[in-house]
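My questions all concern the structure below.
Chain nomenclature is as follows: A, B and C, assigned in order of appearance, with residue numbering initiated at 1 for each chain independently.
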Amino acid sequence: MLSRRILLACFLATLASASFAQTPERFIVVSSTTSTTDSGLFNHILPLFKAKTGIDVRVVSQGTGQALDTGRRGDADVVFVHAKAQEEKFVADGFGVKRQPVMYNDFVLIGPRSDPAGVKGSADIVAALKAIQTKKAPFISRGDKSGTHAAELALWKIAGVEIDAARGPWYREIGQGMGAALNTASALNGYVLADRATWLNFKNRGELAIMVERDKRLFNQYGAILVNPAKHPHVKVKDGQAFIDWLTSPDGQNAIGDYKINGEVLFFPNAQQPGA
Amino acid sequence: MDVTSAFVEAFSLITRLDPGFLAIVGLSLKVTLTAVVLAALIGLPLGAWLAMARFPGRSALVITINALMGLPPVVAGLIVFLLLSRSGPLGSWGLLFTPTAMVIAQTLLVLPIVVSLTRATLEELWAEYRDHLTSLGLTGLRAIPTLLWDGRFALATGLLAGFGRASAEVGAVLMVGGNIAHYTRTMTTTIALETSKGDLPLALGLGIVLMTLTLAINAAAYAASRVGARYAG
Amino acid sequence: MRASILPLRAERLALIRDGQRLIDTVSFTLPQGGITTIIGPNGAGKSLTLRLCHGLIAPDEGMVTWARDAHLRHAMVFQQPVMLRRSVRANIAHALHALTHPAVKSRTDEALARFHLTPLAERPARLLSGGEKQKLAIARAWATEPEVLFLDEPTSQLDPAATREIEALIRTLSLEGLTLVMTTHDLGQARRLADRILFFNRGRLVEDADAASFFEQPETPQARAFIAGELL
């Protein structure tokens, strides 16, 4: 009786582990940012890539800093992020083979319709940030070392605001992803810098609306990097490179440009643009 | 989106058995069930042995295992993450960001509960049964099957508690599974993700399933203890 | 019929705990048949002697020897019968772990019928009355086909009616050829059942006599005092 029970338990365990084993054999792991996942871009382009090559792409989405760390440890085959300076350092340190520009999107400044800082409709992000700081209007910062966080800090710098010195109760760092930052802004009726894609996909808007957009300084470049097999020999060079090649090919670039929400293009392909 | 319509959509997801929704629930159950079965296969014999064995340092071991019942899930996740990362000692297995990694992390969470409860239950039974079992020639390891069977209701309650802890956990599986769509996305990680995206219906729907599951687990544990009380006399 | 494991020889047994000789240099021989009753005041070492004979504890001095390998050929019923958290039937079947599956079934049915437990077969054993529990404990021991049955205070927890029933059962088992060794603190019970008396006091075997002569002509002052109810 007892041995029958043990057999049953073993059978169950085998069954469970066997069912995990039926996942496709060809796959790569891509560490990317929350914006590419949350915006729905991957849901649109990955099936196209898989249909063409048979390669399954498993996306781990994190902030840009974390995503690069994941690549550094060798836990991903490709990193696909948006922080040019950090990406170049990643390659220079030998963790990546080569940085390939893929596309850009743009940031928008989101805020409550009541607009306590009075910045709505402006095309000058720097002036808007200065106004928010002066009025001490609530501002939500990602605070998670993501690409968006890096972009936000760079903009404060351009605005001449020493954020470490100027911070106060009005400036809240949440240490979480884009969606969480938008949720917080919605709850507190605060301002927040968001990528347009995540904003368009975001459903819990409450009183929030776009305040500032289309400033050139709000453009946000994405690059893809193959993790260096010289550092991590297990990296799937062929399949990983195939993904990057497809992203930058006419097929991939068209797929990216075709992704729209409410008729709006979210990511603008620019693989061929020099210096991107 | 207001909360009422979120509830309406959540129930519609459940009642029309949305395939994406079911896949997430299925993966969660599969991962947690596997972890509980593994924890039982390791923990029941280990706890039984610990109930009967006497050796120097036993008390320290018992205390350590009791303390591990409160192991913060994120710490369990971190340990498994560090072990399985390509830069870690077991990196060559390539298990990080797979369901297997989530099973390992959850097993680590459930195991101390199973061992500790088995030890406590069987120690009491062994004190009561010792003379009788010795008289029948069932000493040492040969006593364990009897003790496990007669402790079955208490042990089932323990396994259910372990199942509850593992299925409700988000930190560890997020860390080691990577929350990859269609692959390592469980109920709890999806709730975290969808809430952050502001997509409340899916999060709510999964939340309702999780709550129902918790309710079912508690009902089962209650039933087990009722039946157990009957046999315990 | 297998060759008998009897006689049992206890030779100069001693059990020492914290410097106290709880059993102090005890020797006796147990031949086949009869009801041997161990009596004596509290702390005399009655129960310990049974446990030493049954092999539950090892003596610090001396030895217990059976005529041949006695493994699983003698059984014991405890003062507080140990009831497994299972049905009456499963309690008996569990004791038969050395048998094959079909043999367990038939032997269990036999034991249930023999002790009139068949109507209770599917009840949880721990919900039985005191008398029923004791009967089950004896049935369970009987099912293993022992040659010797040790009974430790078999009726101490029971009401008079249940006591009478268990005593009748003990007598029947003896008539069927089972060798019985029991302890009791109840002198009346010893008079009713015993063929032979082992009288213990303070860990020592004071008198070893057949029952009739023990009660009529006790040889020692302690035995006389005990029979008179002055030694408790």
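Following the convention adopted for this analysis, contacts are C-beta pairs under 8 Å (C-beta built on N, C-alpha and C of every residue); 3 or more make two chains touch, one makes a residue touch a chain.
Note that the structure is predicted; figures quoted are calculated from it, not measured.
**Q** Hopping along touching chains only, can you work out the least number of steps from subunit A to subunit B?
**A** The distance in steps between these two chains is 1.
**Q** By mean C-alpha coordinates, which chain is most distant from subunit A?
**A** The chain farthest from subunit A, judged by C-alpha centres, is C.
**Q** Using only alpha carbons, which chain's centroid is the nearest to the whole structure's centroid?
**A** Chain closest to the assembly's C-alpha mean: B.
**Q** Using the touch rule from the top, point out the two chains with the most contacting C-beta pairs.
**A** A-B
**Q** Just the number, please: Cα centre separation of subunit A and subunit B in whole Å.
**A** 33
**Q** Rounded to the nearest whole Å, what is the centre-to-centre distance of subunit B and subunit C, using the mean of the C-alpha atoms as each centre?
**A** Distance between chain centres, rounded to whole Å: 47 Å.
**Q** Using mean CA coordinates as chain centres, what's the subunit A-subunit C distance in Å?
**A** Using C-alpha averages as centres, the distance is 79 Å.
**Q** When you check subunit B against every other chain, which residues touch at least two of them?
**A** Only 149 qualify.
**Q** Identify all positions of subunit A at which a residue touches two or more other chains, and write them in rising order.
**A** Residues of subunit A touching two or more partner chains: there are none.
**Q** Provide the list of subunit C residues touching at least two other chains, using ranges where the numbers run on.
**A** none
**Q** Considering the complex alone, what residue numbers of subunit B touch subunit C?
**A** That would be residues 128-129, 131-132, 134-138, 146, 149-150, 228, 230-233 of subunit B.
**Q** Name, in rising order, each residue of subunit C that touches subunit B in their complex.
**A** Result: residues 54, 56, 71-72, 75-76, 78, 82-86, 94-95, 97-98, 124-127, 144 of subunit C touch subunit B.
**Q** Hey, which residues of subunit A end up touching subunit B in the complex?
**A** Interface residues on subunit A, with respect to subunit B: 2, 9-10, 12-13, 16-17, 19-20, 23, 29, 37-38, 42-43, 58-61, 73-75, 176-180, 182-183, 186, 198, 201-205, 232, 234.
**Q** State the interface residues of subunit B toward subunit A in the complex, per the touch definition above.
**A** Within the complex, subunit B touches subunit A at residues 1, 30, 33-34, 37-38, 40-41, 85-87, 91-92, 94, 96-100, 103, 145, 149, 178-181, 183-184, 193, 195-200.
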